[in-house]
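A, B and C are the chain letters, set down in written order, and residue numbers restart from 1 in every chain.
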Amino acid sequence: MANLTLLQALNDGMKTAMRQDDSVVLFGEDVGLRGGVFLTTEGIQQEFGSERCFDTPLSEDGIVGAAIGMAMNGLRPIAEIQFQDFIFPGFDQIVSEAAKLRYRSGSQYTCPLVIRTPYGGGIRGGLYHSQSGEAYFCHTAGLKVVIPSTPHDAKGLLIASIEDPDPVLFLEPKALYRSVKGEVPEGHYTVDLTTIREVRPGKDVTVFCYGAMVPIAAKAAEQAAEKGIEVNVLDLRTLLPLDEDGVLEYAKRTGRVVVVHEAPRFCGFGGEISAIIAENAIEYMEAPIARVTGFDTPFPNTLEHHYLPDDRRVLDAIEHVHAF
Amino acid sequence: MTMSEPLSVIAPDGATNGYDPGLSEAELLHCYRTMLRVRAFDEICLKLQRSGRIGFSIPNLGIEGTQVGAASAFEKSDWLFPSYRDFGMALYHGITPLEMMHNMYGNAQDTAKGRQMPVHFSFDKPIRFVSISSPIGTHIPQAVGAAYASKLRGEDTVMLASFGDGGTSSLGFHSGLNFAGVWKAPVVFLCQNNGWAISCPVEEQTSSDGFAIKAEAYGMPGVVVDGNDVLAVRKTMLEAVERARSGGGPTLVECKTFRMGGHSTSDDPSRYVPAEQREEWEKKDPVLRFERFLEASGMWKAKDKEPMYSEALDEMSAAASEAEAVPKPGLESIFTDVYAELPPHLRRQGQELFELGKRKGDAAAGDGEFPL
Amino acid sequence: MTNAAISPRILDAEGKLCGADPELDKGLLRELFVHMMRVRCVDQRMLKLQRAGRVGFVGSMLGLEAAMIGSAAALEGRDWMWSGLREGGAALMRGLPLSEYIAQMYCNSNDTAKGRQMCNHLQHAASHYPSWSSVIGTQITHGVGAALAAKRRGLDEVHAVYFGDGATSSNGFHSGLNFAAVWKVRCVFLCVDNGWAISVPSKAQTAAPYVDKGKAYGMLAHEVDGNDVLATYQATKSLVERARAESEPALLVLKTYRMLGHSSSDDPSLYRDQAEVDEWAARDPIKRYAGYLTGLGVLGAGEQEEIEAKLLEEIDDEIRTQEAADPMALKTLVEDVYAEVPRHLRRQYNAFIEVAERHGEARPGDGAFPL
């Protein structure tokens, strides 16, 4: 066990996977000597050489497209997109190609690859270094979408994603890169995809969240406890495919649900959680489902702390559904 | 038409071998002063960033010659589609340091209302200095589209699309230059080859022999010029601008220069730039080069530099102090400008936020009000 | 060595030698002819089926027989062929069974893509022929990535990456050729310049000759007459051997012409002159090559007709077999999305099949997934 930041855990996860399997390669912009703009890949080129960890020219389309070809031909690529905001030149490759290759070829061709990319706000990155684009990708059958929120999960989910037979978009909440620390087992281990982590038990209100919203929701839950409201906080961890049964089970326990994400609300992931509950467990609901999300605007810079859901907005929603 | 040896004008002794830049003494001194002001803006912003007053800055050190030489080739009616390392062009054309500092602070006077990171300027006068985007190369086809519109209306406006060496690998470069070649659009593509795309050196960016040759893939001329020679840049850009204005189509100009600082204040170039490479380029400083010309022409003396530079520093400091005193944008700026009219759902989301502030007692004057 | 071996043209429009005699084995010369004839016969039959409403969509290969056969014949069995839109005939030569080709056109239960693609989107794993995409240019970076994987694994296979003239404007072309040159991988990029990207002629596609685009990436580039099977074969062979020996990519532009529409859904008379079509008809790749082979004594009187009749018989037999095959099973709706059918898809399918069963539309075997 080592006490690592989320960023160090990711770095450890990549090194572990690369030591385990020679076919794992890592590439992207500035991931080599520079060690990535966040230093997530620091020391990897030094340990594994520039054939297994290398920089590419500046083209996300090229990065994702080449990753698909490598995966089709026997490598296990980890492609880093420097910011999720810059993924869109590669969007065509992800949505049109990676996600559909297995289906359109009847499993003759597959692309087990991981696209790692930092996402979300909280670092004063303005419109183009802050977005949470998970909903675009969760609308894409064939893709898996994974988001860790603790160092333990970051390493275990990343190794599981690298070993997964399908393409995984691995979204890293960059606000948590250095702000959370935790115990991380040494060597190889995995955390199963499509499993929910119970962050905190509670009988009164259920809060679903993921990524950088997990510590926010936990903080709001503490404040609620002081007011006598016991909040059950759940970290979804894998958005696609989602543990829908788990969602329903936790929702039914309290009958009062809040969903928190920093992405915009309209067509956001919270809508899917709400629809799943409304379709399957409406008779258990004691209150309307509440969503606490980013606004339906581009991401601001100066006022980003107002844009991002904070503990008071989450607490407000908890109190609202509790009092209903 | 591609030349592999970069064109230069100013000889080591300051002579120009008969080349007349076509600028008055006052205009030449404006070029020089602008180069010093770029350096002063850089210096002040770096201090502000290091002391935590602003979040981020983009050093322009080393590329002042390219920026000023290029800017001088355009009229006020032309459009500049800049990259994030081009603010010397804004200063050249009369955009004030105060307007720029408002953006550095993301305050209520910032034209982008604090929504962008610092150095992502947007100005529409006295020249169109189009809102800067962080993604690489996305503005290149936008410049081509704007040029097409001007051409269609029979105007003689010329567009500048400016980008770095890394930008040539972007999709925008490929699609932008290709469209411009087909449309014979009045655009000048300025590739500022400053040696490094963050930590990626040019030889890992492409296998081609420099960047100007890429013009041949799009059926347009490509020219290489010494980017640290402000007059050589002006000469080349002026030819390209005139060609575009007279209906001759686009040109790709590669300026060979060097980014003496990091990619940004968040970058440490000593991790990847070899020290000897930096030292070699230090000797080619564009300001020193231009001084040799001005001195040989009798327009400037070495003793003039210090007072001019300290005047520029004072100007930038004063602008920073003034911008720092301006309050942050009101909360309503989160919701406005998403659409021309504020739609109902944003109105509701805004009002919820304002009312929460009031209930919690932390609402500020100027947060705004969206009556439902 | 490389440049000397590449002649832009070897046969003139009459089929007379106008370049250096490649001195190919007569058996190979004849084989190439049969393969070209097979492409033409398959094309003819597929168009007939489409007009009769039996198959939905055909991308005709008429006029492109020399370009695809000449180039693909220069590859070894271990090499890969990454397809643009019209290389299905070459895939037949390299091992794609005619039965799979026609099953894919019918999207029936024998279709290896399980009816999920449009017609005329082929694949054949055993001959290294990956599944086509409808998206333009996306295969180019895949080919480059696969070539890098091969290089890292110590394999000397060459990746022949095909695309049309329009694809040179795509993202994949720009990043693919740039990456390939920086990484020095064994790729030969085959730009099949057939003059038209649906209705967009080359002059509206780019202001430069396609062959000049190699310069932007520091890559060797050549253009040859793509209606001349010998010139195409020789040029491709030379660049493939160079790629294999030196691990250097190259661009080869095959100048040819798409005689029919972009697809069976297209009417080219809307956007191009018949005079241009007639001009290219005079350069027909098969007529030209037949003239050469006849002069050489490889093709006797009436032999072309015999070859054609035999090929058509084979094709017609296979059409009858595939038309009788079962339609695709309903479960394929949710299979192959992932390695395992996940719970939410099983549930969605079960709900769907329950309704189908109620309406008597389900067949035995279509039943629910266990949850």
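Note that a residue touches a chain if its C-beta (ideal position, glycine included) is under 8 Å from a C-beta of that chain, and two chains touch if they have at least 3 such contacts.
These numbers were taken from a predicted model, which means no experiment stands behind them.
Student: Taking all protein C-alpha atoms shown, work out their mean, then name the chain whose own C-alpha mean is nearest to it.
Tutor: Smallest offset from the overall C-alpha mean is found for A.
Student: Return the chain pair with more inter-chain C-beta contacts, choosing between B-C and A-C.
Tutor: Comparing B-C with A-C, the pair joined by more C-beta contacts is A-C.
Student: Between chain A and chain B, what's the gap in Å when you average each chain's C-alpha atoms?
Tutor: From the centre of chain A to the centre of chain B is 35 Å.
Student: For chain B and chain C, what's the span in angstrom between their mean Cα positions?
Tutor: 46
Student: Quick one: report the Å distance separating chain A from chain C, using the average Cα coordinate of each chain.
Tutor: Whole-Å distance between the two chain centres: 39.
Student: Considering chain A alone, which of its residues make contact with at least two other chains?
Tutor: 57, 59, 61-62, 89
Student: Touching at least two other chains at once: which residues of chain B meet that condition?
Tutor: In chain B, residues 169, 171, 204-206 touch at least two other chains, as defined above.
Student: Show the residues in chain C shared as contacts by 2 or more other chains, in ascending order.
Tutor: Within chain C, the residues that touch at least two other chains are 171, 174-175, 178, 182.
Student: Which part of chain A faces chain C closely enough to touch in the complex?
Tutor: Residue positions touching the partner: 25, 51, 56-57, 59, 61-62, 64-75, 77, 89, 92-93, 96-97, 101-110, 141-142, 144, 165-166, 194, 241-242, 244-245.
Student: Considering the complex alone, what residue numbers of chain A touch chain B?
Tutor: So the residues of chain A in touch with chain B come to 29-30, 32-35, 37, 55, 57-59, 61-62, 85-86, 88-89, 124-129, 265-266, 295-303, 306-307, 312-313, 316.
Student: Contact residues on chain C for chain A in the complex?
Tutor: Touch residues, chain C against chain A: 111-114, 116-117, 121, 123, 125, 130-131, 133, 135, 138, 140-150, 152-153, 171-172, 174-176, 178-179, 182, 336-339, 342-344.
Student: If you look only at chain C, which of its residues touch chain B in the complex?
Tutor: Checking each residue of chain C against chain B gives 169, 171, 173-175, 178, 181-182, 203-208, 212-213, 215-219.
Student: Spell out the part of chain B that touches chain C in their complex, as residue ranges.
Tutor: That would be residues 169, 171, 173-175, 178, 181-182, 184, 204-209, 213-214, 216-220 of chain B.
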